[in-house]
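First subunit A sits with subunit B, and in the next complex the same chain sits with subunit C.
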Partner chain A sequence: MALSLLRHRAPAVARCSSLAAAGAARVRQNSSFAKVEERPLESPEDWTNFQLKRAQYETLLETFGEFGSTQTRDNTFQPHHTLHRPVAPKDVTLSALIASGAHFGHSQKRMNPNFVPYAYGVRAGITIIDLDHTLPLLRRAAQVVRGVAARGGSVVFVGTRADLRQPVRMAAERMGKQGYHVGERWLPGTLTNRVHMFGPEVARDEQVIPDLAIFLNPIPNIHAIRECALEHVPTIGIVDSNVDPRIVMYPIPANDESTRTAELISGLLSVAGREGVAIYQEEQAKAALAASKRARSREPFV
Partner chain B sequence: MNIARQIAGGAFRFRAYATAAYVPPASLEGMQRARPPPIKPKPESPTFYSGRANYYDQLLALEDAAKQTKHALQELQLLPLPRFAQQNLPPLQAVWKNKDDLAEIMEANLTTSRYRRLIGQLNQLNEYRRLAEVAGHMDLAVRIQHILEMFERENKDAILARGKSKPVKFDQYGRTYTVGRRKESTARVWTIAVQPSADEQAGSSSTTPAQGELAAPVSTPQESLLPSQPATGIPGFTSGPLSLAPAPIKVPTTNILVNGMPLVDFFPHLIDRERVVRPFRIAGLLGAYNVFALVRGGGSTGQSGALALGIAKALAAHVPEVEPMLRKAKLLKRDPRSVERKKTGRAKARKAYTWVKR
Partner chain C sequence: MSSISLRLAASTSRAARLASVRTQACRVPSRALHKRKELSYPIEGGLGKFLPPHALQMIAVDYQQGLLDRLNDLIRGTALENKSIVQTVVEAARDPNKVLEFNYASEALNNSFFLECVKPPPDNATSHEHKLIGMLERRIGFHWGSLAHFQSSFGAAVQGMFSSGWVWLVCDQTGQLGIMPTFGAGTLLVSARKASETFLEWQRIVGEPVVPYSEEDLLPRASSPTPGAPPPPSSPASGLSHNAPPVNPHQPARSMSSQLGRPRDMYKNSKGKDSGPTKFDVLGGVVYPLLCVSVHEHAWVGAGYGVWGKEEYMKRFWSVVDWEKVCQMYMKVAPVER
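The block that comes next holds the complex of A and B.
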């Protein structure tokens, strides 16, 4: 419980260090003014005192935190940073990919022969993916996303696992009106049976076919990839060593089972998409300004 | 169409197929390029491609609300809540709408898994609301309530009040009105406490207007018939050893009137009278309360059982400390047993006709 208190309010204490946490717990247990008595809370005054005691302890930590380690929230890595602090395509490094575990493929027995060009080798029965190939392919995919978004295209992020729900949602939100996400099962026929799925009015009046589809786990979504191919939708996907890289147009050879890798890649692509959206909106604004100028110049001067 | 595509491409090499016709460049100058098709608007919802946009939009909105509330409670130092603080939280009482009504609200077909996921989110928000209410942060609790009341049933209070009996009211004289039922009988019972001040006055009649008209007709005639009592001596003994014995203490008596008749006259059998008086015995309140009752329906057992239940409820209202004792003795439980119906093929409920071999 002491750890959880520290996590929220103490900026200077190194959360990764268990020694510091144990020390803080000892301080809390021994200091009478900050100690919360373990009595059941009956009246509203009891609850207020309980909250005040806890707030006192947090203030204490904050005050003395400045005199301790120089590690802060901003310069210490935390597991949620891959999700909430996405890397820009120009800043992604090999070490970031290795840190997220992108180089771990599947077992050697399951290796797809078409994947061999992207494999570095085998260690302990596991295929190691060559990140020297992955990095440029990743940046190429980012260029594609940026280009599609800059021309006003819609991008769908597909990640149909429980741990992929949040990354795809955040990626779609970064792209604003041009971003969509599918966090649960892709319903077969979404693109090929759209008239039945969405109704004839929607299929006729709205642009149902997206301009780009990004798959964070392509194996369970093979039908979605097929539909995209049938409807001529370009696809980007994270391909693992047991998958044929040719199923998607722009493969990114990486570990498809790692949440961190998926968060890193989806974050990176969505940042590129955000840049493209900004370019598109700038152009739209310029075009609107030019159109209004032309309209004003055509109007007779009153 | 082939020609138009080649021309519009611009940089395409002209292929010398037999089918392709030659067009001199001079004729191409005035040609109008094909206009690109009009841009269709894109779908509104970011969850459009899931196929269930309405459901996921609402569910994600609820998840966002839950996350924001959690952050707010963490800022208020209420989360994570230690175990000793969890003990005193009032029980969670959630009355959500049924699956069909929720499907109407979500504007989406709800399968069991989707319904469960939705209810899970609502229960999480309900827990946060309870915590905010108990800790006294009413503004936060009210904001959560605004979200949740869309999904709660309209008759939530009525449902939660089911099974809870209404509190027994006391009128201006201190009387309670309770009802007891057993089998086919109903007993309407008015109970009032016996006034102690009247008994302390030696020899005087105990008519007190404070007692009300219930007990007065019964107690006054009895009191006035007795001769005035001396300080010592058993009444009737003026000489001898018994005249020196201390005067007997006047014990307050519980007077019970049933349909205007005293208990003894209304229930000639001892079993019925004992059944009626049992609540007083268990509670230790014999002689403390007077009872007036109107009973109707059924026979002696049903009427005496109904009367006993009415008296037990009244005693629990007058003296709340006595309620656990009466509950343990099962006197506050309405006996649900009633006459079993006769069935076809049988003489009575259970009695069968004589079995005939052939």
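The block that comes next holds the complex of A and C.
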């Protein structure tokens, strides 16, 4: 019952938000908070006054901040931590996967026969994904990302849904120059029609084809996966129970509809990638140092 | 770090994984909610002549942890579970169903502030008054004449409070000082626009003329009823909304919380003009706390002063006030040199 609620949560969410809005309006009326927040801002002076009052109030909160108890915003779980505090590959646990809802698959009727090895069973008409298989496959994917990055390879994170845009952007930023992301739409022909897309000079002189592609929602990006296969790009992807796991090279059987799961997995893979980038940069630095030493030793004394 | 060590640190070796699994299995997972903060001085020594060790233990440990335990019981499993005490006070104040959470959190916050603005007296002196230097000392002299006058005004404010509460030395962002009461479980973080009945009664006891409050008086005009008196500060930034409901008798603690309103300007005081007996401007905007005293019977009865020992309790309070911290707080919130 709880699982089906989660699956069909769209109408429930709509109901909750309207109730919450009505509740918020009621609470607002009883609130003894800023009168200046109730009045709509009309001129730039209103906005400046609002900013000043807000700054003063925040100073007041800060003067009281260290008193009361030991619990602060930093040492408790906040909802944004799944995005901004990614789990390291060595710290990921089954509980974390379950807490993010990674074990909820799609309806039993839609289960792909090739997915059966990764399914734990069925409950309330929904396939439950076996996380005892998912966790080692997730760790293997992290090793792949780290290995590719440690050899100077470029990794592209693809997540083309509204709630996936920020996770893929942050994952790519974590990997610095070797990380890329596609948050809006994978333009068809990016790899197979690159001469037309980027121009002949760019297609010839620069590396357009990534060394690894990670798909957080593979079903809407099936054409991108096909292009990667045609161009021989290794792929990692979150496969749900209605998908054949063989479409990507390193499948991670998990819930592809859950934002928390996508944040957990993309964060984990990007942390592994960041470690690989650090290894690569260190080796580059060592090589440069050795090369400069050799050049200096070859120079004649002046 | 070499690349080999990076690789070793990065890889999940079997031994490391097993070790982490073993420690996780032994540890009982429990959600750590609010716990009292350790004081910056030892409890066993007490606070000089102000509070003997058993009284300090009662206030700092029994009362404080009791408040936090009761708060934890209320918030476990709710949206307030992961909030700090300050956030709990602000959010519970907005919700009329969260009176108890607000009360416990506000009392815990004020008690913690009170315990941190006192310190055991040094060995070679009777108090920390030699640390009162700089802008704050000049301001106190300007407003009240001398530290002794300030202490007697503060003491009068405490004496005038018939119920439990807290009396604060506050300042606004221009550096102007004032003495402010909060009654019951009231807090400086959340202010009502109108003065409550308790506040007016307190003003009458302390010796203030009763000043009516009205909505149009909230514009920042400088005025003050009597010199040397604790000026009622105002917070236009944190007043009630326009259609605030009437004071609910079921929520006495909330209604008796900090009432920051502005008195009607009986003496208009524009810049440069002599305004007769008023030489103080009323505090404007948000007020920041500098010093706080707990006006609760459990404090002086528990310390052995007796049930009517409030006056002696206040006199001895001055021997343990940590003026160094008060000065630092003042410089942090109002550093503008005039």
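Please note the rule applied: the second predicted complex is superposed on the first by the 232 of 302 C-alpha atoms of A that agree within 3 Å, B and C clash if a C-alpha of one lies under 4 Å from a C-alpha of the other, contacts with A are read in each partner's own complex, and residues count from 1 in each chain.
Here is the rule we go by: a contact is a pair of C-beta atoms (placed from the backbone, for glycine too) under 8 Å apart; a residue touches a chain by one contact, two chains touch by 3 or more.
Note that the structure is a prediction, hence the values are computed from the model and not measured.
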Contacts of A:D132 with subunit B and subunit C, given as first, second, both or neither: neither
Partner chain(s) touched by A:Q71 [first = subunit B, second = subunit C, both, neither]: second
Which of subunit B and subunit C A:V182 touches, first, second, both or neither: first
First, second, both or neither for A:E42, with subunit B first and subunit C second: first
Subunit B versus subunit C as contact partner of A:K90, first or second or both or neither: second
First, second, both or neither for A:E282, with subunit B first and subunit C second: second
Contact residues common to both interfaces of subunit A (with subunit B and with subunit C): 36, 38
Residue ranges of subunit A touching subunit C (in the complex, touch as defined): 27-36, 38, 53, 56-57, 59-61, 63-73, 76-78, 89-91, 93, 139, 143, 146, 272, 275-276, 278-279, 282-283, 286
Subunit A residues touching subunit B - in the complex, by the definition given at the top: 1, 4, 8, 36, 38-42, 44, 47-48, 50-51, 54-55, 58, 152, 154, 156, 158, 169, 172-173, 177-184, 186-187, 190, 197, 202, 205-208, 210
Subunit C residues touching subunit A - in the complex, by the definition given at the top: 1-3, 6-7, 10-12, 16-17, 20, 24, 32-37, 68, 81-87, 90, 93-96, 105, 108-109, 112-113, 116, 173, 188-193, 236-245, 254, 257, 285-289, 329, 332-333
In the complex with subunit A, residue positions of subunit B that touch it: 39-43, 46-51, 56, 60, 74, 76-78, 80, 82, 84-85, 87-88, 134-136
